[in-house]
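Take a look at these structures.
You will see chain A twice below: alongside chain B first, and alongside chain C after that.
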Partner chain A sequence: MQTAHVPGLIAVVGVTLVTLAIGIWGLRISRTTSDFFVASRTVGPRLNASAIGGEYLSAASFLGIAGLLLVGGADMLWYPVGWTAGYLVLLVLVAAPLRRSGAYTLPDFAQARLSSKAVRTACSVLVVGIGWLYLIPQFEGAGFTLRAAIGAPEWAGPVIVAAVVLANVSSGGMRSVTFVQAFQYWLKLTAILFPAAVLVVVWLGDGRPAGPISGDDWSMPVASGATGLYATYSLILALFLGTMGLPHVVVRFYTNPDGRGARRTTVAVLALLGLFYLWPPVYAALGRVYGDRILAEGRHNVLVLELPRAMIDGIGAELLTGLVTAGAFAAFLSTSSGLAIAVSGVISQDVTGRWLRGYGERRGVAAFRLAAVVSVGVPLVVSLVAQNIGVAESVGLAFAVAASTFGPLLVLGIWWRGLTAAGALAGLAAGGVGAGGAAILSIAGISATGWGGALLGQPAAWSVPLAVVVMVVVSRLTAHRAPAHARQFLVRLHTPEWLDLPTR
Partner chain B sequence: MWTPWRRRGHLGTEADRAAFRALHQASLASPALREGLTTESAERAIRHLRALLGTPALALTDTATVLAWDGMGGGHHADQAAILTHVAVERSSTRTAERGHLHCDRAGCPVRAAVISPLVVEGRALGTVQAFAPTISAGLVRATEEVAQWVSGQLELAELDAHRNRLIEAEVRALRAQISPHFIYNSLGAIASFVRTDPDRARQLLLEFADFTRYSFRRHGEYTTLAEELRSIERYLLLEQARFGDRLQVTLNIAPEVLTVVVPFLCIQPLVENAVRHGLERAEGTGHLRIVAHDRGPDAVLEVEDDGVGEDPERVRRALAGDAGLDSVGLGNVDARLRATFGDEHGLVVETAPGAGTKVIVRVPKFAPGVSADPLPGIETRGTER
Partner chain C sequence: MSEDRPRTGSGDRPARVRVTAPPRTTPPVAGTRIGDVHDQTPMGDLYLRSLLREQGALAARVLLVAFGLLGAVPLAYHLAPGLAGHQVFGIGVTWIVLGVLVHPFLTWLGWRYVRRVERNELFFADLVSPDGDQDEAQPTREG
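Let's turn to the complex of A and B:
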């Protein structure tokens, strides 16, 4: 243990303890008779938006972007742009109708819309797959963050994060989850904004030195060559359509009281994410000036953690390092908790809940705990076995799978009454096998060069259209089997709640 | 699950297979018919019924008009089918119609003769099944009769379902009415006692009382959100507190995430009323009431707990089983409705013993197919964040 590790250690232990304490004891907000009229007040859009932001801003946002920008240049800005703009698509096409459908999870929506157990099962499988794909990079990121912050071995980070998340989720950590996640957003924003502001002041004080001139390549918004252009467009498509298919984002919309609330929440999320994503590029730009050593040692992944020490000395650097470490660790914990809750919810509904059917009243709790173990355990093992997956890239793959499966399902399910169960199933299979297969090959470390590599690394540009076409064509072929209530259901999805519909 | 290769291996003779096919078609038609005889259900079922009979055209009618027509000739024979309906319905017996009744100038139209069999439920004809073919055979008459009888059976079951639902609805209405005399009398008495000493509070309480009754007596809608239900409970507690003063201590601990959960209308309020009535009114000194709602992933868990006199578990078991002679009238009704809405694993759980207080636990899924809240028109609730 070196003295350099002290602030990181304090930050990690502090965030862990606070998270565990909140999970175990809960924020006991009890109301007694004098003020209990507050008890039935639903969660407002701003609070809910903060909570979504807290859950959504993952390790990839906090650490990944700055590192990618430092190495890859301006075309990597599409990651933060896409992660934000996904909510714009969500706002315009999905948010309010999804809320009005009454669905809690994506499988719920599929079942309500298509009345098909088979489609529900397919969606459950996809939710689990996407959740795992998204959890793996969180655990990976925790590994190298802990190594950089406290010099822990690579396996320690994933194990600690998984253990905290598991303890939290299975002890009923959903208590006051909205407040906790909202707090996490503001913690993360502070942890990235405050150090950035200090470092910018330092940079101004140094006489605004410029970074090394490395030609036009770094500042190009599109990667070079035809494959680069393809990869950029593919990434944009994946991120724009993928957000609506993320299991932990969708379940949060259930907390909104109505469709209007869902829309207002989404607008607030856009603002909050926009505010957050201004700052990682600042780290990258400063890293170009001060981060030569970090880049040379190949530690661009932890640029955000290393930059304060690279720029200033003394106690100030230690404090800033502690703050960014706390933010990064909060990012792992909140995103992983959100994903673990969403994934174990689906597993306990559709798998373990059925296994334990005979266990009576305790079944719900037991099923959920078992599901939590499965949903955290599998990605933990994968992240320990498969080393060195790029955090932002593999989150990008999770987005690609979501965009190729739930994207078409939600958009067509909400806006096209012709969708049939068979069509949805075929489309989910096409998109899921296509994008999912590409993702698994990438994680397994199989990579090709040239066009093969581009098509596998960024599958969305072909897998999304494929899924849409298959869904539409098979639905047309099975048009006679369209669900009888489709028209009525769509009317409900698109009618504001305050309109009293004459027919029920 | 059947897979094609297994099907070939195990199903023996042609007769066996025909029987299986017939049963399969019948099972496909059954869910639609179990919803009663409507245009929509007839349209969904008729395809399978025609496959069962193997005729070129089939019609399902109510007592006056054609509800659904499958096969050829639907356009130009519908009016004749409606006329044929009358005869069969009036006589309540199977009739046949020949070419003379089915004028047709189109070449190749297979609708030349018809077998019309009435659908009789509880001695009353609801409609007919009409099978059309180029010629009538004794086999077709017999088959149509059998199909009509089977459909009648399904409709009878539908009628039973409807009866059961009406019964539950009647119970809900009874629940609404039950909130009544005691509570209204006591509340108004309590409010009256404030009119002189604290007119503002009296006015406030009267408004709460008005909102409370509007919610509880509302006529339409089967489901509501937990937020609405809790709001009404808050009003109820406020009124009870006006009466009991410090003798009634209430703690609410509600996870805001579960407020949007959809629950059957008036499914928590009776539990709270029970807790106040049976738990506190009989006990001496201060009574504590605790209402908790947790978020448990795909479920929401609600607990209503009091530290009153408690109850003999055996009596509670009988109340849940529907023994109406007991005090806890609401309990059995709420339990039945929760089970009917969300399935058997979502009934009430009651933990109690004499002298040990009572705790009622409800576990509600956040999503259940077909369950959605009905908005409450015209009520702009105070205390709501908009």
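Let's turn to the complex of A and C:
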């Protein structure tokens, strides 16, 4: 171990200990199954928004974006813009009705709305699939972060993150994770903002040097050519509509006290995400001035970690590196925790809960713990065995699949009385096979050039409309089988709780 | 678990129930207009349609503004690549718009939406209970 690794090591150990400590504190006040699943539905908008922000800002946001901006330029700005705007779409179409539906998970919502076991099963499979797709890059990112920061072997990061997440999730459930994630949002914001401010001051002190290359290309927010235009719009669509279909995002809404709280939480999330996403472009811009070596060595994916050392020397650089390492590690922990909770929730309701049927009072908690082991273990093994699944591709795939399946299901289910179980199933299949298949092909290296490549690499622009059309057409054809309670359900989704369910 | 205290602090402790899934049904309140909505009377149908239309139109307007303004950006740059060269205070306009200004804009849109949608809900509440006496409604959910 070199001395250069000491601040990074302290940062990783510190974040891990604080995370576990807050989790244990959460366990002390977490007593019921309701605490476990939904934090007893008493989380106020401010705490909840911090928790959502902490959970949502993943490895891709903390590390990935700055590097992508440095290499790809302004058309990569659509990632942070889309990740934020996705919450606006969620706010106006889904937030309050979803909370009022009383559904804890997406399969719950589908079953309550359509009264169909088959749709529930399809949704469960999709939640687990999307969740695992999203967990694998988190684990991989942890691997290369720990290698860059403290020189650990590649397997150490995934194993440590998985162990901490498992300990936290299975001990305290939703209630303790809420506190952990709220803390981690503010840690991440500090860890990206403070070093950025220091580095900007250093840049000003250096006499504001300009970058070696100053092309207009770097400021183009659209890829070149007609295929580039298509790819940009397709990405925007996937990110705008994908957010509402991510399993770990939806679970959070159930911890709000009511629909009104869900909306206020979402607005606060918009503000918190915007505040965070102001900073990655600063790293990219400074990287253009100081980052030739980082670029030349192909380590742009850890630009945020490397930039302090590239710009200043001595203890200052090490301290800043320690701080950004802490932020990056917090990003892996919080996103993985959120995903593990969501996937565990589904697995425990649909699988392990049934295995443990005879175990009485504490069955819910035992099933949840068992499910947590499964939901963390599988992606851990995959990330250890299959290395070099691209982080960005995997996350992009998760968004495209979510936008093509749960996006249409939620929007039509909440706003259109005519949706039927058969229509939902057909639409989920069309969108899932379309988007999932296209992205799996392009990840497997089966790439085409020109339009073929663009259509496969960014499927959302055709797979989302396809899913919507299939859902609507099949629902129309099976209109006689529309669920009888559909309209009553819609009434409940769109009327304020205090109208028909007086509180206290 | 034996030292588990009732959270309410009141003397009578409710019977323990096992929570395995959220409650899924809302019993309708008989004899109110919200009851009309639940019971699928023609009046209730009218109320629901008007609320859905109102809320849906509001959502569509917000999305149209967001998608319209942001969605115009790639096309504008595609048609006029020279835009990328513009700078204000030495920073590219693209970076100012998509890196900075977009975030307060999205938050502002969201905030405006919440104000409007809550006003719509209040209006709907007035419509279905003109006496405005929400507290008189019977409690409908029992343990």
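Just so we're on the same page, the second predicted complex is superposed on the first by the 455 of 504 C-alpha atoms of A that agree within 3 Å, B and C clash if a C-alpha of one lies under 4 Å from a C-alpha of the other, contacts with A are read in each partner's own complex, and residues count from 1 in each chain.
Everything that follows uses one rule, which is that a contact is a pair of C-beta atoms (placed from the backbone, for glycine too) under 8 Å apart; a residue touches a chain by one contact, two chains touch by 3 or more.
Note that the structure is a prediction, hence the values are computed from the model and not measured.
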Partner chain(s) touched by A:155 [first = chain B, second = chain C, both, neither]: neither
Which superposed partner A:263 touches (first chain B, second chain C, both, neither): second
Touched partner set for A:462, first chain B, second chain C, both or neither: neither
Chain B versus chain C as contact partner of A:203, first or second or both or neither: neither
Partner contacting more residues of chain A (chain B vs chain C): C
Contacts of A:194 with chain B and chain C, given as first, second, both or neither: neither
Contacts of A:93 with chain B and chain C, given as first, second, both or neither: second
Which of chain B and chain C A:44 touches, first, second, both or neither: first
Chain B versus chain C as contact partner of A:275, first or second or both or neither: second
Which superposed partner A:490 touches (first chain B, second chain C, both, neither): second
Where chain A meets both chain C and chain B, residue numbers: 31-33, 37-38, 102-104, 108, 112, 254, 349, 361, 364, 492, 498, 500
Footprint of chain B on chain A - complex, ascending: 28-33, 36-44, 102-105, 108, 111-112, 115, 172, 174-178, 254-257, 341, 344-346, 348-349, 357, 361, 363-365, 368, 484, 492, 497-498, 500, 504
Complex interface listing, chain B residues touching chain A: 40, 44, 225, 227-228, 230-231, 234, 237-238, 241, 248-257, 259-260, 262, 294-299, 301, 345, 349, 361, 363, 366-367, 369, 371-375, 377, 383-385
Complex interface listing, chain A residues touching chain C: 31-34, 37-38, 74, 77-78, 81, 84-85, 87-89, 91-93, 96, 102-104, 108, 112, 216-222, 228-229, 232-233, 236, 240, 254, 260, 263-264, 266-267, 270-271, 273-275, 277-278, 281, 285, 349, 353, 361, 364, 415, 487-488, 490-492, 494-496, 498-502
Of chain C, residues touching chain A in the complex: 1, 4, 18-24, 26, 28-29, 34, 37-38, 40, 44, 48, 51-52, 55-56, 58-59, 62-63, 66-67, 70-71, 73-75, 77-78, 81-82, 84-85, 92-95, 98-100, 102-104, 106-107, 109-111, 113-114, 117-118, 121, 124-125, 128-129, 134-135, 137, 139-141
